[in-house]
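Letters A, B, C, D and E name the chains as they come in the text, with residue numbers starting at 1 for each one.
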Amino acid sequence: MFKRLGNVLKREILLSSRQFGFTAQLFIFLVIGIVLFAMGFNQASDAIRESVPALLWFLILLATTLVASSWFRDDYDNGWLAQWVMCDIPLSLLILVKQFFAWIQVLVTLILFIPLSNIMLNIEYEKPLLAYASFAIGTAILVQITSVTAVLSLLIGRSSVLHSIVTLPLTIPVLIFGAEINRAALDASSNANVVWFLMAIAAFVWSIGPWTTATALRMSLE
Amino acid sequence: MNQATFSSRFKRWFHQWGSPESFFVKSRFWEIIFGLFGAALLLMSWTWGLFFAPPDYLQGDSFRIIYIHVPTASAALTFYFLMGISSAIFLIWRMKLADHAAASLCIVGGTLTTISLITGSIWGKPTWGTYWQWDARLTSMLILLLLFLGVAMIRQVQSNSDRIRTVACFIAVIGMINLPIIKYSVEWWNTLHQPATLSLSEKPKMHISMLIPLLMGITGMYFFSGYLVIRQTRYHVLKSCRRQGWVKRLVKNGAL
Amino acid sequence: MHQTIHEDDNYLICRSVGSHYDDRQIFSNLSFSVPSGSLTQIYGANGSGKSTLLRLLVGLRKPDQGEISWQGDLWRSGWNGALTLPFFLDHHLSAHEQLSPRENLIAWHTLHTNEVSNSISINDALIKAGLKQVLDEPLRQLSFGQKRRAVLARLLITTSSWWFLDEPFNGLDQAAQQWLCTLLDSHVEKGGTVILTSHSKIAVKHSIDKIDLTKYCQDNTHV
Amino acid sequence: MFKRLGNVLKREILLSSRQFGFTAQLFIFLVIGIVLFAMGFNQASDAIRESVPALLWFLILLATTLVASSWFRDDYDNGWLAQWVMCDIPLSLLILVKQFFAWIQVLVTLILFIPLSNIMLNIEYEKPLLAYASFAIGTAILVQITSVTAVLSLLIGRSSVLHSIVTLPLTIPVLIFGAEINRAALDASSNANVVWFLMAIAAFVWSIGPWTTATALRMSLE
Amino acid sequence: MHQTIHEDDNYLICRSVGSHYDDRQIFSNLSFSVPSGSLTQIYGANGSGKSTLLRLLVGLRKPDQGEISWQGDLWRSGWNGALTLPFFLDHHLSAHEQLSPRENLIAWHTLHTNEVSNSISINDALIKAGLKQVLDEPLRQLSFGQKRRAVLARLLITTSSWWFLDEPFNGLDQAAQQWLCTLLDSHVEKGGTVILTSHSKIAVKHSIDKIDLTKYCQDNTHV
């Protein structure tokens, strides 16, 4: 069983490498995001500093959405997901593998990106570990949310109004908490307790997320 | 020479160089010349610049990084321009060789850009007190790097596909609008980065003992990078023609 | 296919099965049984519900009326336990266009078995399917028929004994059609079961049971 | 001819009414972005004022690029664009219609979004008309650039990340000038001459853009 | 199809045409001429280049070697001027899955004529194509064959006299296959020309010219 899950993971890796080094692309995307943001500011570097947490979290949201949106879509369109549903491995496990890999991809990108962004935006964390932890946890949550909504949008024939209605209330709190923690990591003065809250959310969504996604997927293939 | 013979001569020249075989044969000579000349100039420039040129009265010894920074920056811009031109040639005349050249220029140009960015920001630490500043020149240079990277990534998707080539060339051409932005960024916006000191029309503002090695460095960098480009292009030509008669003949004759 | 219902162990049995999409009843009161080791062709007009029926049989849909059973067990959550896993192929490629036939076949194989893919048997299957020239081209650069061949190559490595094929002959040239026919024949001879849909006659040696779905089709009356 | 172009427009409208995908997704991205940044700014209101123009343009740029990467995808996948190429209306005219409608959609989204952002960021324009004009012109340029790159990304197998990598650097002039105009609209003191510059760019890209897109499209269908 | 080349006005002429993808030559030295008012079937193994040839003929690709001409004019920038617009249909639906057959047909019709779509003739075409029940369902809810019928309905309203059809019989049931055959027959009788690919025999009354592409196929040798 684990060997087969490993093989599923292998296919994901193959695909992401075939789709032109997805991580590298994501990385460049993030860099461009920062460049764009800074370009507009005309060197008002104070304002840049203020908005760093929001900027980072916004970019991270876009990056995870990018990863997740193409995920299920290709394999749904070409019928591969029907093979998943029909095979004897529990669907939610398969989905878990896919989500896990997506998360890893985002994480690897961030590990490369955060130091660079620190140089480029000229920021120094008082508590760097806290910042990194918040990114890891936040992306974990976002991966779950986006995968559920990606499948939902397959279910409803990709008109994304519903999609967005579902996404908004789910993502905004995560992003806000994330940015808050980030600010705390920068200042050391603010309160970082909210990180526990984020961890609780992460535990919750990872325990029910794969199953929810599987259910939605089964329905969409009916 | 009248118009007709000129254009027919041009065509003949174009065809001769455009055919992979004759390019491969003829470029051998130029590859060696460029390589030797470039290496020699660079060597001279760096020994002079690093050991014999006087320290700057403001910056001390840190200014010596100029002998890497300026040559690479200047060559990077030029090489993007060349990449755009050869991409356009490929798009219009469908000349494979131009595409190979564009691919090689992309790799070499990207490397040059990276080096100039890194040396620039290292130099920035002692002079401006920071590695990175959101300054128009620096930012537009970063964008140049991103363009090089984008084109390189597209090429890496699939090496032998005509579609991929087309897209890569298309983007290279469109990206050329970035060049004037970089070049004139120091004039249009007031930036930290210093405006051009070197110009053909004006008297140099730099001390001659610093200037000469710099000029040598720039020329050397052009030639040496040109050597790398020719080398890479020859490799691409060989790879894409590996099943053709002339390559097999060369192999049989032991020429490769 | 036997219109009379057998309670025997070796029959896949549908009892007055019906299915609808939204408020359109596609077919209803469909009863038949398929013995293992037979070859069944489902046919009928376009839109009569052949593909829908196949999806019911493999468990991708649940019947709205009636029941499907095997060895006395109701169809519950897919085929787990009831049968060996079914092999299912419809109009979709169920393969990724960016991957080559070889990579796709390996991915499919390792999804279904614990064994390591034997690269010789994988290559062999693809070569038998006539894809020698394009083993490593991404699927999107293959012709329509070549894509179909690439997924049909799975039939050569599957261990499943129940095959459900939705218009498998689509896009195949004469040679590939014959190849597929002999494949079906040999599968049935080995005791396997094939249920397929097709609009034309199939040139297999084995006798074919036929189900005409048009009879059960509600002519799209509304529920 | 014009009647037929009108009919092409009709199909676009029909499709967009059938699946609000484009507008909804764009709107969602914008709202999430604004909320995030507004939360971060809660104390220092001066910083907000300074960075609002840059922020707005940054959000618009990223959101539009991401959403626009799939513009031609459906019709490319289902073969409709081949019918366009083969019919006797010049392809660039057909594309012009599509682009025009895309622009209208972006505008509609912005009309919904700008008042919202004004409220959330607590800003008031001295010259609102100038600000609106700058958004209209800037997005017109964006539409042209993204449609060329969207077609190119079809050619290389639909990676929306790759799409944004090649698109964003090209949009930087829009960002810089747009933010500048916006600042002028806020202050009334700054100089707004750069709006003419933006208009010149817009005129330029709208004159060669459809043709460029058409060329790219023809190549992609080879 | 005549293997000898006619310089006559009413022939579509291919002279030693060749085509390759990347560095794989698909076919080369292909010469034939098609008189107007004939019915030509292109056949050959999967991957021999039938679909590629059709795309060359309608002008979606340009030949890498040789030339295609009509009435002495070389094929230049598509068919404009040279012929009436060709009608082309391949494996793609060239219709949007979110739109209904009716909306899709109207969109297609109004792209090609200045006339207002006559809603009666549109409905009529779709009903003749057997889609009465599903006129207003989005295409994605139709069965495979119904989708094909929905795009084939264009044949009833097109004014084009040159039809290029890539495996038009795919997915059609017996009735629809007959319907399509009579459609092709009547088109040829009216002086129209049909060039199609198919892997099986076509049951038309009119005589069929055949081109076997496998002969010209390079067995995928590399350039």
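Here is the rule we go by: a residue touches a chain if its C-beta (ideal position, glycine included) is under 8 Å from a C-beta of that chain, and two chains touch if they have at least 3 such contacts.
Because the structure is a prediction, the values reported are computed rather than measured.
Any chain bridging chain B and chain D, meaning touching each of them, is among A, E; the list is complete. Taking the mean of C-alpha positions as each chain's centre, the chain lying farthest from the centre of chain B is C. Highest C-beta contact pair count among chain pairs: A-D. Mean C-alpha positions place chain B and chain C at a centre distance of 58 Å.
For this pair, chain A with chain B, the centres built from the Cα atoms lie 38 Å apart. Rounded to whole angstrom, the centroid-to-centroid distance between chain C and chain D, based on C-alpha atoms, equals 46 Å.
Contact with two or more other chains is made by residues 143, 146, 149-150, 153-154, 157 of chain B. Multi-chain contact residues of chain A, defined as those touching 2 or more other chains: 19-20, 25, 28, 32, 35, 39, 41, 48, 157. Shown for chain C are the residues in touch with two or more other chains, namely 91, 98, 138.
Looking at the complex, you find that chain B touches chain E at residues 160-162, 240, 243.
Taken in their complex, chain E has these residues touching chain C: 21, 43-47, 49-51, 91, 130, 133-134, 141-146, 148-149, 167, 170-177, 199-200, 219-220.
Interface residues of chain B facing chain A in the complex, by the touch rule stated above, are 130-135, 139, 142-143, 146, 149-150, 153-154, 156-157. Chain A contributes residues 19-20, 22, 25-26, 28-29, 32-33, 35-37, 39-42, 44, 46-48, 50-51, 53-55, 57-58, 61-62, 65-66, 69-70, 157-161, 163-164, 167-168, 171-172, 175-176, 179, 183 to its touches with chain D in the complex. Residues 140, 143, 146-147, 149-150, 153-154, 157, 163-164, 166-167, 170-171, 174-175, 177-178, 181 of chain B are the ones that touch chain D when the two sit in their complex.
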